[in-house]
Amino acid sequence: MDILSLFVIVPILVILALVFSKGLKQARIIAMSGGIIQLGMAINLIFAYIRERAVNNSIMLFTKDLTWFEQMNIHYSIGVDGISVALITLTSIVVLAGVFISWKIEDLPKEFFVSLIVLSTGVYGFFISIDLFTMFVFYEIAVIPMYLLIGIWGSGPKEYSAMKLTLMLMGASAVLLVGILGIYFNSNADGGALTFNILEIAKVNIPFEAQKLFFPMTFIGFAVLGALFPFHTWSPDGHASAPTAVSMLHAGVLMKLGGYGIFRVAMYLLPEGALEWSWFFIILSAIGVIYGAFAALRQTDLKYINAYASVSHLGMVSFALLMLNKTAWNGAILQSLSHGFMTALFFALIGMIYSRTHTRDITKLGGLLKVIPFISAIYVITGLALLGLPGFSGFVAEMNIFMGAFLHDDMFHRVLTIVSISAIVVTAVYVLRVVGIMLMGPVKNTAYLKLPKATWYEKAGVMLLLIPIVGIGVAPLWLSNMILESLEPFIRGVL
Amino acid sequence: MIPGVSITEILTLTSILFFIGIYGFITRKNLISILISVELILNASVVNFVIINKYLFPDVLQGVVYSIFIIAVAAAETALAVAIIINLYRQVSSVEVKETEVMKY
Amino acid sequence: MNLSYILLIPFVPLAVFLVLGIFNQKIKPAVSGYVGVAGLAISTLLSYYTAFQYFFVHGKADGVYQTFVDKFIWMHFTESLHIDMGYLIDPISVMMMVVVSTVSLMVNIYSRGYMKGDDGYTRFFAYLSLFTFSMFGLVLATNLFQIYIFWELVGVSSFLLIGYYYTKTSAIAAAKKAFIVTRFADFGFLIGIFIMGYYTGTFDFQELTNPEGVVILNWASTSFMGLSVITWALILIFMGGAGKSAMFPLHIWLPDAMEGPTPVSALIHAATMVVAGVYLVARLFPMFYLVEGGFALQIVAYVGAFSSLFAAIIAITQTDIKRVLAFSTMSQLGYMMMALGVSGFEGHEGVGYMASMFHLFTHAMFKALLFLGAGSVIHAVHSNYLKDMGGLRKYMPVTNITFLIAALAIAGVPPLAGFWSKDEILVAAYENSQFIYYIGVFVAGLTAFYMFRIYFGIFWGKDTKYEHTPHESPSSMTLPLLILAFLTLIAGFVPFSELVTADKTGFEAHLNLPLAAIAVGVGLIGIILAWIFYKKENDLATRFASAFGVFYKWTSHKFYFDEIYFFMARKVFFKSVAAPIAFFDKKFVDGTMEGIGNKTVLVSRKIKAIQSGKVQDYAFGFVAGVVIIAFVFIYIWTN
Amino acid sequence: MDLNNFFLMRHELTLLVIILILLIAEIFISEAKKSRVVSLALLLFGIHTVSGFFPLAESNLFGGMFRSNELIHFFKNVLNLGVLILLLQSADWVKEKMTSNDRGTEFFILLFASLFGMYFMISAGDFLMFYIGLELSTLPIAALAAFEVMKRSSSEAGIKLILSAALASGVSLFGISMLYATAGSIYFDEIILNITADNLTLLGFLLFFAGLAFKISLVPFHFWTADVYEGAPISIASYLSVISKGAAVFILMILLFSILKPLMEVWEKLIYVLALATMFTGNLFALRQQNMKRFLAFSSIAQAGFILLGLITGTQLGTATVVYFVTIYIFSNLAAFGVVQAISLQTGRENMKDYEGLYRTNPNLSLVMMLALFSLAGIPPVAGFFGKFFLFTAAASEGYYLLVFLAVVNVTISLYYYLLVIRAMFIRKGEDPIPFFRNKVYMRIGLLITVIGILALGLYSPLYDYIFQLSGILK
């Protein structure tokens, strides 16, 4: 059994185990052990990858190829490069943290964990697959459970949000599907056979007209998941209604599928299309960056604030991707990672606060730093990380993005770059606004004076997410090297 | 082969017959008369087959055979339809088509 | 020379921070205080050792102070462009290390008394250590990006310390203000760095500031809007410096920052962090001086001069002693900037540079002393306001004496520290531009006046009746006062012109008597005025105030800058940008998406009548369909 | 032709035998033991289904009126499977009918007769055989639609079906007569030789097409569908929605791809238009349905629209994808109808509102339903996704990207109303959820088979490749 397929098989086994489990206790134990195993696998994968990379410099490592639909030339073909490895690790960590955070879920626990793990399976599959069809399959597998997760275990207008989220993402995948088919039927442009295999297609130079037609479809198809302005409106409602762990997984991991897909499919396979269209999407992304920040400035619901923050930060990801140079791309990947950790951590903390105070309205909260010091302190730290404080992952990522964006010295890029950079100020404002109103100040509600302190599993979840944030922030070099070398083929492909 | 009558005239006749049937089907209020209109439609095609066979391809009798089958099937069809209509009559003691508008939208 | 031990200087405080931070709840306050002090003591000793080694033993090679660098690559941008981490040892960094460690140590000792009994005592020391670590990092930075990194960290620790009393709304507001304003400045700084990096291909100070280096030699390669991009970069970088050093118009955060505990004000907002801006300019001085004929440097000079004047004027009218000190700080920082601005590079022309560093050094000592003194006063009378003070000399002699020394020093009375450095600055200004010189002299007078205004106000003046009689502070607080007072006395005699100069060679500094005389004279005038006004209780001051009328009002309201900024932030950005965007998002962007959905459902309601349930309608539909299709495909849509 | 290639009609013959046996059984089995007929019928049909899978040579009988080949065999087997599942699902219901009022054997007889008709329709070699098959497959269903004599809605459904069917067959007959006039023969093989795209031929083709479109219930020939489904017994509704629709699609495909190929540039436009009309109409009507049967009726209309995406190509790929999709669709839809059947059998409730909170009382049923709906909506990893994806691939292979795009938009719309059901079952709690009940064994087996089908058909790729290789036979 090869090291990658395990990432699909182990979750399935866990699901089976869950199906036969009884009650909350068993369910969460199984889910947790499953999560730990996957985390172990992910870490093992990193080392295995580094070892393998030393001796083998093919684009994808640990590749495996099983023919699936012979006649359509569809394969179950998998492989990883540095980028996928990093994102897989992110996933495994967030999933485990999510399990910890939803330790006390009462309603249908079994089903909850099952759906959660189905989702993660989809994500893993998406990251490891290098066959467009397989990729697409996993993509949808990852998206659909959201409906049940939000619908059943959510809060507020959950049915509405769940439906909205699912439909918008499915609509996106509709556009995406057309794009993929377009790529597929142009993959024989050099006289070869039709294929879904990304690496094969990358060798083909698809006719310019086709690229021009299908790049935007593929891009938007993925970008909706990446909350690209103006297709982001599913995310605030969705996140607000979703249960904590789901918000974590969704914002932390699922939205990363967008950026990854844009990079691996849209830009890698349709480089000329990317060049042709970059200006347009750069504008959208830049708008998204600043727009999300300002929108966050106005919200009073913690989850909305964080959701709009995500819009802003993921805007940076697509912004960076469209800069079409190594530095910015490196930044984009790092940003995906760091945003994954940070936003997951944020949602976790919000969940803890909510579970204690039963409100997410910052105007109703206050002085939490005095009442629940641990959670509040971590919240402050995460906030600082979010506003790009050195020593945390966000800084590293943003610096790469901005530097990369600065490598274009024409007016257009300069202006938009500076606009995007100005977001760091706004970010500071809305982060400090929350910190100031909610954590500091006098305790508004005396009932809060005896809120329970953080429990062990909450601490575990938080630490799990905090460590990588700091780790990347303090010693980014090894990670960024791992990513940079994986960017080589893209450079060759796109530039 | 009727002398002095060309195929076009007969075909015109059958077409008229056909559309009379259609018209009847759409306008009649009574289920039985709707059935009759159906018969008209079918007969139009029956005549068609026979005529076409006779005038255009007289050597093989495909059309004629076909028409016989149509007649047979039409009979069966009508019988069944009447049976069902009777069944409805048992319940609502009427054979008006407007009795069959319970299910809609 | 082997300098690896220098790493300990920043990392000991870091370790202290981590220990205190993580075991915050577990550690007993007393212990944490000792831990903090001990940690700082180590750093201080090491920095003194380094200073000694550098300046007097190994530092000089054939008359020039060498620069020792040790660094490693922290992160790659491109193959050539990367962020390094490491330490850079040259005169100013060593000097700064001494300043930082000294003041920091003093403050740590002082705080053990000042913060006694405060819950969060441990937290306080943790923050202090964090700040010290970041400050060392900033000082030792080898390149622009490293300095930026620690720049931000310093800002954050300042945020944390200002907001230390986090239940006090004013404190929170001040902390946020400080962070956001500096953040805005750093936005410029960052862009400056990027421009610099993009056009010069390096962040490294040595390559950037090397007078014969490629960077400086072909500064004119690219230009933008009539100025060299390098100049733009420098201006933007200076923006960052101005933000930290509270230069006009980015000064508004500094007065409010006084909401923090007094030791913090002494450490961060008087002695160390706020001089970071000056340090940054000094760090890049060759560029400022040599690129485009020192255009950027001119800006520095005038901003500095104006800020010093502006702040001095405001300081006169403030009634909160800490705010007076804050504005005085701002004014002194302006002095330093001004000095850099008017400085030359080679040999004796570099006197301004030397003077500014000198003033930085001395100012750190006596301003820290002033703050700590004020702190001990506040500690005694539990108020920041002059009206609640007076006649304290009887109760707290030590504070009185030390405060007086410091006041004299800042007023530039020989032979105290302030006199020497201030004199050098005025010399530099005089040699460069009369205008700036006169401003400098005038400010010197103002400084003397407002400083003695509060001195007399606190220790002399009316005999206030105190509900519980104030008493001298504990030894843990007076000790640092005495030490600093001592330093203030001697600091002036440090031969800076040999040690810290622009071209690192050192020159023969000589006292320019006439200028010195003028300066001292003005200072004395100020003191005497203050004596007249505030020595005894009288209404002269109020009468003068009313005489100035509007001007006084404006001044006492700090020329309404806070209001302007508040307006910008609240009304313009929050109400006129953020709110509309949020609205737009809900109504339009979201509205469209929902509209699509609702329309679909609506349509499906509209068309339901087609399924009428009448079999004949169905038949009609059927036939009509056939007819239309037949018509279309036979007559219209045929090719 | 001699006896042993007469045996090439194995499917038809065995089915005929079964019908006869049932007739005899009807006569000789006593009232008390009537319900055994069900088991008997199931047994016999099971045998028939299995026997259908034994290989069978190509055949061309009655001077080309009846022809059969591997693809057709395969499809007959698929139909058999479908009917078998359907029988399993409706066995209990039929038993109930028998005990209440002594009827039920004719249910099987009529059903098999209709299936018998479909066999002939599929393997028709000329228009006469085709027509007989068509009618033979329609009329019994009309009778069955009116099977529940005590229910007014049932007989209304019967009337609507028979009348519409009569009209449709009348129209298509008129069309056939025209084709006969222009081509000079009713034999497909001869028509191919001398068919040309002149106006009369076109008109004939269009009229004829309408007749088949009626069975597939394409817009605007679909109006009868919803009402009949709602009124008729559930098993009949599902029979109409899967078996007869599937058969009609299949024969339509054969005709289009073989004898009507010369008219291609007409019918591809026609199908383009009808596909869009059908998908949108079906979905838009399905949006607000409350009655599950009606809901599934409109959803099945929409599905028919998707099928057209495969038909439009006229290539081997198209054939393969259509057959593949229909196979999957049969399983998915039968699963959905099966659950509806089970619930209405136990509680007589058929509205979406009654399904609220179903998961908490009957998890297994709701899971089956969820799988079925996901398969219909085309969500991986269940089979429906692969079916749809391949249909779209086929359409895209001919460059119909816009059509594909609109189709996928429709998938999203359809997802909406499928999710409504899932919402009712999983998310809503409901005032009085359907209490827990256990299904009878037949029903369970029936549902089990469908579930296995839904899961396996997609993931087990060789099936598709097999179909593709079979599809080579056409053209």
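The first chain written gets the first letter, and so on, giving A, B, C and D; residue counts start at 1 in each chain.
Going forward, a contact is a pair of C-beta atoms (placed from the backbone, for glycine too) under 8 Å apart; a residue touches a chain by one contact, two chains touch by 3 or more.
Quick caveat: nothing in here was measured; it's all calculated off a predicted structure.
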Chains touching both chain B and chain D, listed by label: C
Maximum centroid distance from chain D, chain identifier (CA atoms): C
Result of counting contacting C-beta pairs for C-D and B-C, higher pair: C-D
Centroid distance [mean C-alpha coordinates] between chain C and chain B, Å: 98
Intercentroid distance (Cα basis), chain D paired with chain C, Å: 78
Mean-CA-position distance for chain C and chain A (Å): 37
Distance between the centres, which are taken as Cα means, of chain B and chain A, whole angstrom: 66
Touching two or more other chains - residues of chain C: 597, 608, 611, 613, 615, 619, 623
Interface hub residues of chain B, defined as touching at least two other chains: 22, 25, 34, 100, 102-104
Contacts with two or more other chains, residues of chain A listed in rising order: 167
Touching pairs - complete list by chain label: A-C, A-D, B-C, B-D, C-D
Residue ranges of chain D touching chain C (in the complex, touch as defined): 159-160, 163-164, 167-168, 171, 199, 202-203, 206-207, 210, 214, 219-221, 223-224, 226-227, 265-266, 269-270, 281, 284-285, 287-288, 413, 416
Of chain B, residues touching chain D in the complex: 18, 21-22, 25, 31, 34-35, 38, 41-42, 44-45, 48-49, 52-53, 56-57, 60, 62-63, 65-66, 69-70, 73, 76-77, 80-81, 83-85, 87-88, 90-92, 99-100, 102-104
List of chain C residues in touch with chain D within their complex: 597, 600-601, 603-605, 607-608, 610-611, 613, 615, 617-619, 621-626, 629-630, 633-634, 637-639
Of all residues in chain A, those that touch chain D in their complex: 68-72, 74, 133, 136-138, 140-141, 144, 147-148, 151-152, 158-159, 162-163, 166-167, 170-171, 174-175, 177-178, 181-182, 184-185, 213
Of all residues in chain D, those that touch chain A in their complex: 320, 374, 379-381, 385, 389-390, 392-393, 396-397, 401, 404-405, 408-409, 411-412, 415-416, 419, 422-423, 426-427, 461, 464-465, 468-469
